[in-house]
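What follows is subunit A paired twice: with subunit B in the first complex and subunit C in the second.
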Partner chain A sequence: MIARADPRIRVVSALLAVAAVSQLRTLPVSAAAFALAILLVIIAGADRRLWRRMLHVEGFMLLLFVTLPFTMQGPVVATLGPLAASSTGMERAALIALKVSASVLTLSALIGDIDPARLGATLHALRVPERFNRLFVMTARYVSLIRDEARRLSESMRARGFRPGSNRHTWRSYGHLVGMVLVRALDRAERVEEAMLCRGYAGRYPYAVLPALLRRDWMLFASVVACGILILAMDRL
Partner chain B sequence: MAHIPDGILSAPVLIGGGVIAAAGVGLGLRHLDDRLIPRAGILAAAIFVGSLISVPVGPSSVHLLLTGLMGIMLGVVTFPAVLVVLLLQTLLFGFGGLTTLGVNTVNIALPGVVFAALLGPAIRDAGNATKRAVLAGLVGALSVAGTGLLVAASLALSSSDYTPVASVLIATYVPLMIGEAFITAAIVGFLARVQPDALRPAAS
Partner chain C sequence: MTALIELRDVTIARAGATVLSGVDLTLERGERLALIGPNGAGKTTLLRSIVGLEPAGGGSIRLFGEECSTERQFRKARPRIGFLFQDSDDQLFCPTVIEDVAFGPLNMGCTMAEARERGIAALEGLGIGHLAERISHRLSGGEKRLVCLAGLFAMQPDVLMLDEPTNGVDVDNGLRLRQALHDFPGAMVLVSHDTEFVDELATRAMVVRRGRLIAAEIHEHAHVHRHRHVHLASD
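So, the complex of A and B:
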């Protein structure tokens, strides 16, 4: 149902949903938001990559989870040597974990699988400035191509016996790898620009026309907004 | 490494970050001539690909930010280029955040733009390779340190409960600073030998 929904509706709904989740302050409502997000993922059809995404935690997030119980004042529930874990700190860590996970799940359910070819048209329809959008479309198109090029270069490094380690030789080799990728990217940019001019590029992309919004698109939008308002109201009351 | 996800920062920090990011992106777009769009877009893609390499530093491994390099090669266009990369990561991989796009753009792009503007001219005019490598390494390391400080500030400004974490946060950026310094120096040295024009933000 979500996969067939209009990409404009999906982007705007995702933004509103995560904005609502990010403002939650109480643990039970955050848990409810997390449950709603899981429901959304189930409706959207879970993806194997999703669980890898959930496990990907930024370094500073880990630091936050580990230190919050010990640095916040409150009733002590456990001690670890000289450190005392407070219940307020643990609640705070749980709150953040729930909110961040709910946001990640919501994002991947709503916008995780938007067709890259339609992203430009989607942003265009959402009134994103034209120049920015052109830059975005250009980058989006060439990431996978350049990624393949970088993969070929690093394969040939490995074929010549390169073993990465924590030493200056590795860092210099990676520097040369990235440098080579950049030089090729610049050459490619020149060719692409010439090809675009040859075909009469005059500062505008012809974007794909997105189909009109259907009733099920508006229903998706309305239900996401309703859930957002509901959890915010429950949180503040 | 520096992406703050949705659900952590307070509304004033999110809005403030959004406003500063909008100013930076607007400035960048004004400098982005139509003819420079393919170059800037494909460079942003290449730098994004470069940041996917996992680089061993000591016992850990890091993913490069390459924002110092971006600042040297793109100037203020770094702001829109970083926003494009962050938006791509969010839309295509569901990684990063939507409400934090503004804050993350400022945290990641601003130090690179500032240090490249300060040290970039000296890097382009450097007479010998050693001086150039040292300056480029400095831009790389300082940009990472600046990003670390801005991430810490975003957290500390959001809630006083985060302050203890924010104050030790910068320590987690030390391995990245080391890797970034050496690799930025190598990349800039390589480009200076192979294609010196690449180190000029406005060249087309």
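So, the complex of A and C:
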């Protein structure tokens, strides 16, 4: 259902949902939002890579649990040598972890599977500033080419017997690699601009036209917004 | 009748160093001119100079009868000269094929709907209408080249400038490319190392030798033909 929805609706719904989650202040409602986000992911039918991506996110959250209890004032629940962990800090860490996880899951479910190449037209239709959008579209187009260039360079280094270690030779060689990738990317950028000039570029960019919104798009929008309002109301009342 | 492209005593420089001097070149309507010469001789730089991407060192460049020396003057002539770059990825900068093919017409002042229509027509003319909604960086080398060409055809240019058009193109798409170029009614400047391709397409040739551009002759003669080639064992 979500995969077939209009990308504009998906982007706006995702932003509204994350905005709502960001305003939560109580632990139980944040947990509810987290549960809702998981539900959304299940409806969207997320792939395996999402869970691996979540591990990265939770790694950062772990840092909060390590630092916040010891840095915030409040009733002490445990001591570790000279350090005292406060329950306020624990609660705050849990709150942040739940909100961040809920936000990341919501984003993945709603816009995670939109091809970056197709996002340009969407952002344009949503009146995102052209300068920003153009940067985004060009990056989406060329990042894989630049990655391929870097890969070829590093393969040719390995083919000539390069084995990275922590020595001067390695750092210098990696410096050359990065420098070469940058130089080639710059050359590429110049050639792309020239090719655009050859076709008479004068500032107009051909974004694809998106089809009109359907009823089911608005249904998705309405349900996401309703959930957002619901959790905000629960949080404040 | 004025020549489409006319260079008189032009010096061609690449990154400040002169690569060709005293270049005289004229392209008339209906001509297909092949530029032949070793790698690094300055053929690509010459093409770039013709459309003003590389500033010419001296002499005069006239495009469609008008003297061109400033970016503003070149800018006016460029949409009439379809320049096919050596690396298709330099040319295909839009995420999807149809957006890219519509780019040229849009620059010429078409509305979005007209631009798309012309783009689709150009793709279909090349037999690749099915690629329209595809993501451009996921195409094969041959498909990319044809899409680039469609992007030029969509602008209905009077002249095509092709820089190694058959490089990295598979057999099937290569046939489509050749057919399309054969059917193209306008004039053409062609840089290629593919001698078979040059032989079948060009009406006139010039050779780059020792920093000069000299007229060459294309002639035909019958001779005994002998070569080795690979056949599948099952044939």
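A few notes on this one:
Operating definition for what follows: the second predicted complex is superposed on the first by the 224 of 237 C-alpha atoms of A that agree within 3 Å, B and C clash if a C-alpha of one lies under 4 Å from a C-alpha of the other, contacts with A are read in each partner's own complex, and residues count from 1 in each chain.
The definition used in the following text is that a residue touches a chain if its C-beta (ideal position, glycine included) is under 8 Å from a C-beta of that chain, and two chains touch if they have at least 3 such contacts.
Treat the numbers as computed from the prediction; the structure is a model and nothing was measured.
On the shared subunit subunit A, the superposed partners subunit B and subunit C are arranged side by side without overlap. In the superposition on chain A, contact of A:Val29 is made with neither subunit B nor subunit C.
After overlaying the two complexes on the shared chain, residue contacts for A:Pro206 are found with subunit C alone; subunit B is out of touch. By the touch criterion stated above, A:Met196 is placed in contact with subunit B and with subunit C alike.
Which of subunit B and subunit C touches more residues of subunit A: that partner is B.
Touch criterion met: A:Arg188 reaches subunit B and subunit C at once.
Residue contacts after overlaying the shared chain place A:Ala140 against subunit B and subunit C alike. Once chain A of one complex is fitted onto chain A of the other, the partner contacts of A:Leu220 are absent, as it touches neither subunit B nor subunit C.
Closest contact between subunit B and subunit C, by C-alpha atoms in the overlaid model: 9 Å. Subunit A uses residues 116, 137-138, 140-142, 145, 188, 192, 196 to touch subunit B in one structure and subunit C in the other.
Subunit A contributes residues 115-118, 120-121, 137-138, 140-142, 144-145, 188, 191-192, 194-202, 204-209 to its touches with subunit C in the complex. Against subunit B, in their complex, subunit A makes its touches with residues 11, 14-15, 18-19, 21-24, 50, 53, 56, 58-61, 63-64, 67-68, 71-72, 92, 96, 99-100, 102-104, 107-108, 111-112, 114, 116, 119, 129, 131-132, 134-143, 145-147, 150, 154, 164-166, 168, 170-172, 174-186, 188-190, 192-193, 196, 203. Against subunit A, the residues of subunit B that register as touching in their complex are 1, 3-9, 11, 14, 25, 29, 32, 34-35, 37-50, 52-53, 55-59, 64, 66, 73, 80-81, 83-85, 87-88, 90-95, 97-99, 151, 155, 161-162, 164-165, 168-169, 172, 179, 182-187, 189-191, 194-195, 198. Of all residues in subunit C, those touching subunit A in their complex are 48, 51, 53, 75, 78-79, 81-83, 85, 87, 89-91, 93-96, 98-100, 102-104, 106-108, 112, 115-116, 135-137, 151-152, 155.
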